[in-house]
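Two complexes are shown next, each including subunit A; its partner changes from subunit B in the first to subunit C in the second.
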Partner chain A sequence: MSPVIIILCVVSAVLALTMLFTKSPITSALCLLGVLIMTAAVYGLIGEHLVATIQLVVYAGAIMVLFIFSIMLLNLTEGENDFKQNPAVFIAGIALGLAAFGAIAYAIIRHFATHAAGKEMGIYSPEKIAELGGNSIVLSHALFSQFYVSFEVISLALLVAVVGAVVLAKRKVD
Partner chain B sequence: MENQLIFDLTMMVAKILVIIACTLGLAPFIVWFERRGAAWMQRRVGPNRVGPFGLLQSLADVMKFAFKETFIPKNANKFYYFMAPILALIAPMCALAVIPFGSKIIVNGQEVVLQVAQMDTGVIFVLAFAGLEVYPIILAGWASRNKYSVLGALRGSSQIVSYEISMGLALLSMLIVYGSFNPHDMVSWQNGTLFGFLPRWGALVNPFGALVFWIATFAETNRLPFDLPEGESELVAGYHVEYGGMRFASFFMAEYVAMIMASALLVTMFFGGYNMFPGMGILVEVIGNKMSFGEIGLQNTKAFFEFASFFVKVSFFMFVMVWIRWTLPRFRFDQLMDLGWKILFPLSLINLVLVTIGVYYFNS
Partner chain C sequence: MTNEILLQLLSAFLFTMGLLVVLLRRDTIMILMGIELLLNAANLSLVAFSKSSHMIEGQVQVFFIITIAAAESAIGLSILVNLYRNFGSINTQSATTLKG
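Up next, the complex of A and B:
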């Protein structure tokens, strides 16, 4: 692993912790933005340019703008100091988070262990992808042929979510 | 091995320096050009006292900015207040990294591609950083703790977010034509002729896409007729109302860098990129024969002319931006939103469908 990636990982870990423990909503949102950008940088450094770019376009460029926009519009600065932490909930939250982290870490380590043994490899090796003309072409072909139906179903699910959000917001206004 | 590393490092630094010289280095000159152009269009004289033709006026302005008092509003959030102008400059500079400004030169027997970041996803990367241009605006408005800057930030960010959609759709229609994200592929696609005499530029293949994209770039860079985030003559200013001195100057420079970036993207996508103007190819041949250059010299001469063509094209679109500023009056904010959502958005969607059908028809 290159030292640059390690620095990026450390910075993103610090930002993630700041996001958790800060009391100002805008700092929290901006730290999350920082984590997303750092993750995109790590993707870029390991050569996965497409994932890095999509991460920037979708998460950093669209979703976080919405977050920060709503924080600014609602002007949450007033309630900043009223935020009380319930110790029991806090400890339970930390325990749950650690459990989820442990499960994911276990799954990833197991996955890489099987990789090292040469089992269960996917059909796309880096050489194969380069031969087929790069990540974006391979991904587009897979997305619009093999996984076309699931892709469309996901977009339908997103549409349902948008309609649901509008309905919920409207009921409050009326 | 060691030499290769030094060569790569020098090459990268040199390319980045070219980008910085052509954006931040030229920004004062562009400001001068804008003021002189404005004066010329209004039959005034314009700045002509400092230096020959007033060329050093920008230098004097920079000195003035640098020596101004550093002022921080009382209730401002200091950290974000300082961070916003820095972020404002970072986003458009990063986007310029994937714009190619020439094909390649040959140095020391090695090919040097004239583009800082050679990425698989090229144009999408530009779009990603165009999306990040919203943050400095929101942050600056919010951190100054001033109602007018928050309102200005809301105006600015909603405008940028709205026009990004039509811009993205216009870009998408061109991606379908080129079938690639890579700017080099796009430029080489445009290196042909239509009907034997017209250059095969994206703007002539997909004129509506080009028009929508061009209009959207004006809104994205806060230029007149869409400069509502600033509104110099009617309002105080927008999100940067609380900024003074060099920090205001960095917002100002960021706007010019964003203009250069938008023009460069427009040229790359729709106006042939670094392809040479018709007739320049013959010129390169003539020069090559006269000076008896080898293969390498010919390629380097070609790269020089490609860079010159790209530079001239980008400068032309910068000039048009100044030109339009003094031709069209400013829109009202609801008119701006109507234009973005009710005209450009449906138009770019229809155009996308038509282009898709056209590409399918021509490719089968």
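Up next, the complex of A and C:
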């Protein structure tokens, strides 16, 4: 377990907490941007270079620019967003979150304690990937051969989303 | 404790934070950001599991999820602009047209 990954995990956990509890939307958006960049760094550190690049370009680049642009366009101020909940609802939400985290963490630790030893491994070990020319080449080959139908369907879905976004943004509801 | 457990725990934590953002905040834009955080946590879990079990299907899945997330946020933000134009606010409490 490398210390750099521990630092990245701690920083992104702190950023996610800040995102939950801060009042202004722009601070939240910048914290989310930080979390996404930290995640991209984690992907890069464990050797998944293509996913790290896509995360950085699409998520941290395009999507977050869209969010920050909307916040700027709608001129959101701190008075607009209220974080003032009923205290009972707030405490119930926090308790639910803690319970969910506890349950998932218990399942993860139990999984790694019991099933990790006799687990079935795939054929793409790090040595095999290095021999085939690296992570990006292996993934691109899979995308354009084994998963090409999904790839085409995704491009159709993107086209539909573009048209839908334009129609929704132009329409006036009475 | 190895890298995989650490990454899975981080993914669980980010998922919880996204869930709480969706549940506790009242701004529509905060809810959309919470959904992005949820998707990011699921992506992290998929990549870590696919790395630790020497497969690439998880990473291909993450590639598709990121594409869908981009489409989803474009649609969501255009709905948000429409909401602001019609109700003058993006607070979820102000959109009451569907209330019976």
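Everything below uses one rule, namely that the second predicted complex is superposed on the first by the 131 of 174 C-alpha atoms of A that agree within 3 Å, B and C clash if a C-alpha of one lies under 4 Å from a C-alpha of the other, contacts with A are read in each partner's own complex, and residues count from 1 in each chain.
To be clear about the criterion, a contact is a pair of C-beta atoms (placed from the backbone, for glycine too) under 8 Å apart; a residue touches a chain by one contact, two chains touch by 3 or more.
Since the structure is predicted, the reported quantities are computational estimates derived from the model, not experimental observations.
After overlaying the two complexes on the shared chain, residue contacts for A:Met72 are found with subunit B alone; subunit C is out of touch. In the superposition on chain A, A:Tyr43 contacts subunit C only, with no contact to subunit B. Once the two complexes are laid over each other on the shared chain, residue contacts for A:Ala62 go to subunit B and to subunit C alike. When subunit B and subunit C are set side by side, the one touching more residues of subunit A is C. In the superposition on chain A, contact is made by A:Ile154 with subunit C only, not with subunit B. Using the contact criterion defined above for the overlaid structures, shared-chain residue A:Ile104 touches subunit C, although it does not reach subunit B.
Looking at the shared chain after the overlay, A:Val14 reaches neither subunit B nor subunit C. Counting contacts by the rule stated earlier, residues 50, 54, 62, 73 of subunit A appear in both its interface with subunit B and its interface with subunit C. Put simply, subunit C touches subunit A in their complex at residues 1-10, 12-21, 23-27, 29-30, 32-33, 36-37, 40, 43-44, 47-48, 51, 53-56, 59-60, 62-64, 66-75, 77-82, 84-86, 89-91. Interface of subunit A with subunit C (complex): residues 1-2, 5-6, 9, 12-13, 16-17, 19-20, 25, 28-29, 32, 35-36, 39, 42-43, 46-48, 50-51, 54-55, 58-59, 62-63, 66-67, 70-71, 73-74, 76, 80-83, 85, 89-90, 93-94, 96-98, 100-101, 104-105, 108-109, 112, 119-126, 128, 138-139, 142-143, 147, 150, 154, 157-158, 160-162, 164-166, 168-169, 171-173. Residues of subunit B touching subunit A in their complex: 80, 119-121, 124-125, 127-132, 134-135, 138-139, 141-142, 150, 153-154, 157, 161, 181.
Contact residues on subunit A toward subunit B in their complex (touch as defined above): 26, 30, 33, 49-50, 52-54, 56-57, 60-62, 65, 68-69, 72-73, 134-136.
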